[in-house]
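Everything below concerns the one structure shown next.
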Amino acid sequence: MRWFGRSRRKYRTEWWIMIAGVLIIVLILTMTVFPHVFARFDPNDQDAGGQMTAPSAAHIMGTDNLSRDVWARVVYGARTILGVAIAAALLSAIIGIPLGLLSGFAGGMFDRILSLIMDSVYSFPGLILAIAFAAMLGPGVINITLAVAVVYIPTYFRLVRGQTLSIKEEVYVEAARAIGARRGTILSRYVFPNVIATVVVVLSLNIADAIMTEAALSYIGLGLPAGIPDWGMDLSMGKKFLPSGVWWMITFPGLMIMLLALGFTMLGEGLAEILNPRLLER
Amino acid sequence: MRHLASYILTRFLLAIPMVFIMLTIVFVVLRVMPGDPVNAMLGGHAPQKVIDKKKEELGLNKPIAAQYVDYLGKLARFDLGDSMIFKQKVSQPIIEKLPATIELTLFGLLVSLGLGIPLGASAARRRRSGGDFGIRLYANVVYCIPVFWMGLLLQLIFGIFLGWFPISGRTSPRLEVSSFSKTGFYIIDTLRIGNIGAFGDVMWHLVLPAFTLGIVLSGIFVRLTRANMLDVLKSDYILAARARGIPERRVVYNHGLRNALIPIVTMLGLQFSLLLAGAILTESTFSWPGMGRLLLERIYLRDYPTIQGVIVVYTLVVSAMSLLVDLLYAAIDPRVKY
Amino acid sequence: MKRISALFLVLGFALSVSSVWAQSTLVYGTTDKVTDMDPASAYDFHTWEIFQNVSSGLMAYTPGTTNLVPALATGYTINAAGDEYTFKLRKGVKFSNGTPFTASVVKWNIDRVAKLNGDPAALVTQYVKSVDVVDDYTVKFVLTGPLSYLPALVATPTYFPMDPSVYPVDKIAKDVGELTGGEIVALGPYRLTSFKRDEEAIFEANPNYWGKEPGIKKIIIRYFADATTMRLALEKGEIDLAFKSMNPSDVNDLMKSGKFNAVKIPGPQIRYLCFETSESVFTNKALRQAVAALINRPEINQKVYLGQNAPLYSMIPMGMSYHTDDFKTAWGDGNVAAAEKILKGLGYTKDKPFTFDLWYTPSHYGDPEVNMAEVLKAQLEKTPLVRTTIKSAEWATYKQQFNNKQMPAYFLGWYPDYIDPDDYTSPFAQTEGSKGNGIFFSSKVWDDLFIQEQQTTKDAVRNSTFAKMQKMWTDEVMTAPIYQGNLYVFSKKNVSGVKIGPTLIFNYDQLKLAK
């Protein structure tokens, strides 16, 4: 754990940023796992209180146009958005990383073609791609996860491929090959562990991005069917009542989206600053 | 000159496979969908014979491979096909609405550069101070704000509460667009015929949407500028400039920033993609009649040819922008050999 | 700072320039959309409104009332059997390009509607066997059977005469650009001089109009993507009038503010739940009854529409002849007990509840639609014996799904084609109409009842037939009425002449703008 101590002394601010991020994430994760601890009302209870009442002691975030408790919808909505974002990010990683490893390691025509495809998709505006997929697949949790996942596969591919290419030239890999290690062994024992540190950072930032994409999709109405509490959709619902002075229906879901994305961003950024020097050392 | 031409040609040729790949992906995805668009298009009452005839007319009963070849052939002739829902060429609404999106995106870019670069430079100058930390916090926080939420907040505060700016459309409902609209770029059109009143109206309508896009994406430019500046400020010629006694301000902004900006130009291409994506959400929030809204509307109507056409055009715009940026970079940076 | 003040200067200029237009032009905001600019295909509220202002029919309603008066016709006679109507046409009427209006024009248009078989074609083909030109100014309609309300039918845009040299005879014209000359040529008080789909439509007074000149010479329709923006545009003075469709919260705010003229139009537009009766779970009418019993109309009205509509207990709207409140007496609202009795009798339990998909369409009927689905779902699930899943599809797909019988239960709405209780019943319960609306109900008993009421002109007979039908409806429940809606028109204080009656026809030529 020696590098741990050294890093902490040098990068104090980065540590605090990371810890703040982790705290936010942990808080919201607890919300998803134990929603009933946080929210007294059911998010679909249409008799929770008055219709469109402002935040008060009974309803700290007010009630919406169908008399549902906004705080309850925020708490239960965390599940939806976090679930989709994490699942999508993991899915992208599971597909993108092996492809990147293979491509970087194998080289040649296979690598050239795959890279071209991935670069093309990568340079294309991600949200538009997600919209196209979501529109084609239709509403539903699985569909929206797939739509979001597709966008980020190239991210992992490029990252891992780049790392693989540079590590491939390292001396210790050449040595391994010299002593006759099989390709699979080289990949798993030497290349992969070095790649993984960067992947964790990217995963964290990626989840933040996936959160924003999912929120955007449900805001446009391409996300989940009605009935499942969802921050993006509640935002687009609440928009109608803004000129009537009902500000709480859009403020709180929006704030939560920002907070959650920020949490993962801070975690990712903090990790990046901390882990990077270590990688450089080797 | 010969070298420049071949450089342009190479970059152009490299762009083609990318466009091609995106087109293919789009084509495949759109054919995989469930539901019968032809039946919906004919109002749902049509007898089977009529449906079959329509399918034949649209070429939807041919095998997928044949349809793909048709599709590519048409594209080569710049024919994006016909809308399935309205009797119009797909290119027609696109030509009408593309300028709106481009105007919005360009102004959004201006705002994000105008906010991001100065903030990034000033953060680099005050490295590790409170100001630096504050600016970096701003950059991170602002990127996590959903574009549509930012739009709603700006609408609420500056449009509804303070009433300073309009919150929807490109022009006031009273302004007869047909009186000046020629290219679709209202900024140019109104100036061309000298209608200052209309020009002002158009600019006023651009403010909130451009700031919505610009603020959220300024964070990226803050970080880029700061990072590049930090690198540049460490270099030898900066040290030399300081040693020569040039005031710090000139060192940072004249020598440092100018060199730091060069890498930013390369990133502009990628950022333009982000801007286009954000523009869709902005257009939705501000009822901006651009490509983003067109895409969403046609998705709801299941007008597949138009959806496909829009994505093709997005691909072309992104590629064109990347190409432009590459050329710009080659022109600016004397180190690039062509 | 300098730049900002320059901008303010420019804005000031813009405002002053724009006020010059305001005096002779009215800007009208709406969230509705135009479908096809062709009477042979258009079957929606807004496109019909446009046709009612750019063209005329043989008969027309006095604005704001249900009185039919001769318009392009000067009168008509009916034969003894009641199945032939002969109309005498107004002389000296010309289209804006000089083409004279004659009987052959009438025939050409109606034949075209029948041939092209678009959405509203049934309004012609179901009743009219042929249209014969007797002479230049006399036209005879030969019907499929005796019919009391042909005059009401010829007042619908589907029957309106358009210039034959402009509309393509063999296909439907979706856009104005497809017409010869690029403009609609008809006989109404206004000409449509410019149309940018989803952006604006500009109307100017028609100098060749056969009737009285309109009060306002130029009307611009601005199309809004959403109601909230439209409301704000009205409040900021950017538009003079707003009609269809405001959010209930906006309606409340605008009425309370007192700064605008508010016209409330009770009109017969209804919303109801439909069931697919031939193949879905709802083939068993007992299940339809159970669902209908659970609907709590006052709650829907309050929660979703803030009390602005009226609960409806029959498919025939209030204010129309023969209306009764049979659903109230038969089932009431939120009748969990009655529903559970039926469901338990059919073997459903808490662990094995009755499940089905509930469908709605997100934008065609306005934004609150999804809320209506959510509230109804909560009402249905007040008993643990029912579980529903909410699903949605945009209008184009929604309509397609009628044919494919993909929706067991779905929301629909109805605006009047013609003012008659038949228009609110036969499209759902008569075999032909029921198919077209996705309900697929068919019964000889019902069909006979319809023929009976359609072919008689005796009020007493129609009264008893419709009374019987409404009672039977609470038993068959192929549709369950939910509410009858009110429409609101908001305008600036200097706008007057908004005369929209039960026909829901909006005549722009009645509008006046005070200085």
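Should a chain be cited, it is by its letter among A, B and C, assigned in written order, with residues numbered from 1 in that chain.
Definition applied: a residue touches a chain if its C-beta (ideal position, glycine included) is under 8 Å from a C-beta of that chain, and two chains touch if they have at least 3 such contacts.
No experiment lies behind these values; they were computed from the predicted model shown.
More C-beta pairs in contact connect the chains of A-B than those of the other pair, out of A-B and A-C.
On a Cα centroid basis, the chain most remote from chain A in this structure is C. A comparison of C-alpha centroids places B closest to the centre of the full protein. Distance from the chain B centre to the chain C centre is 40 Å, each centre being the mean of its Cα atoms.
Between the CA-based centres of chain A and chain B the separation comes to 24 Å, rounded to the whole angstrom. In this assembly, the C-alpha centroid of chain A lies 46 Å from the C-alpha centroid of chain C. Each of residues 239, 242-243 in chain A touches at least two other chains. Among the residues of chain B, those in touch with two or more other chains are 160. In chain C, the residues touching two or more other chains are 226, 232. Remark: chain C residues 226-228, 231-232, 235, 247, 249-250, 252-253, 302-304, 306, 362, 367, 370-371, 373-375, 377-378, 389-392 touch chain A in the complex. For chain B in complex with chain A, the touching residues are 17-19, 21-22, 25-26, 29-30, 32-34, 133, 140-141, 143-149, 152-153, 155-156, 160, 269-270, 273-274, 276-278, 280-281, 284, 295-296, 299, 307, 311, 314-315, 318-319, 322.
By the touch criterion stated above, chain A contacts chain C in their complex at residues 44, 46, 51-52, 65-67, 139, 221, 225-227, 237, 239-244, 246.
Residues 7, 10-11, 13-18, 21-22, 25, 27, 29, 118-119, 173-175, 177-178, 194, 196-200, 202, 220, 222, 224-226, 229, 232-233, 236, 238-239, 363, 394, 396-397, 399-404, 436 of chain C touch chain B in their complex.
Those residues of chain A that touch chain B in the complex are listed here as 13, 116-117, 119-121, 123-128, 131-133, 135-136, 138, 208, 212, 215-216, 219-220, 222, 232, 235-236, 239, 242-243, 247, 250, 254, 257-258, 261-262, 265-266, 269.
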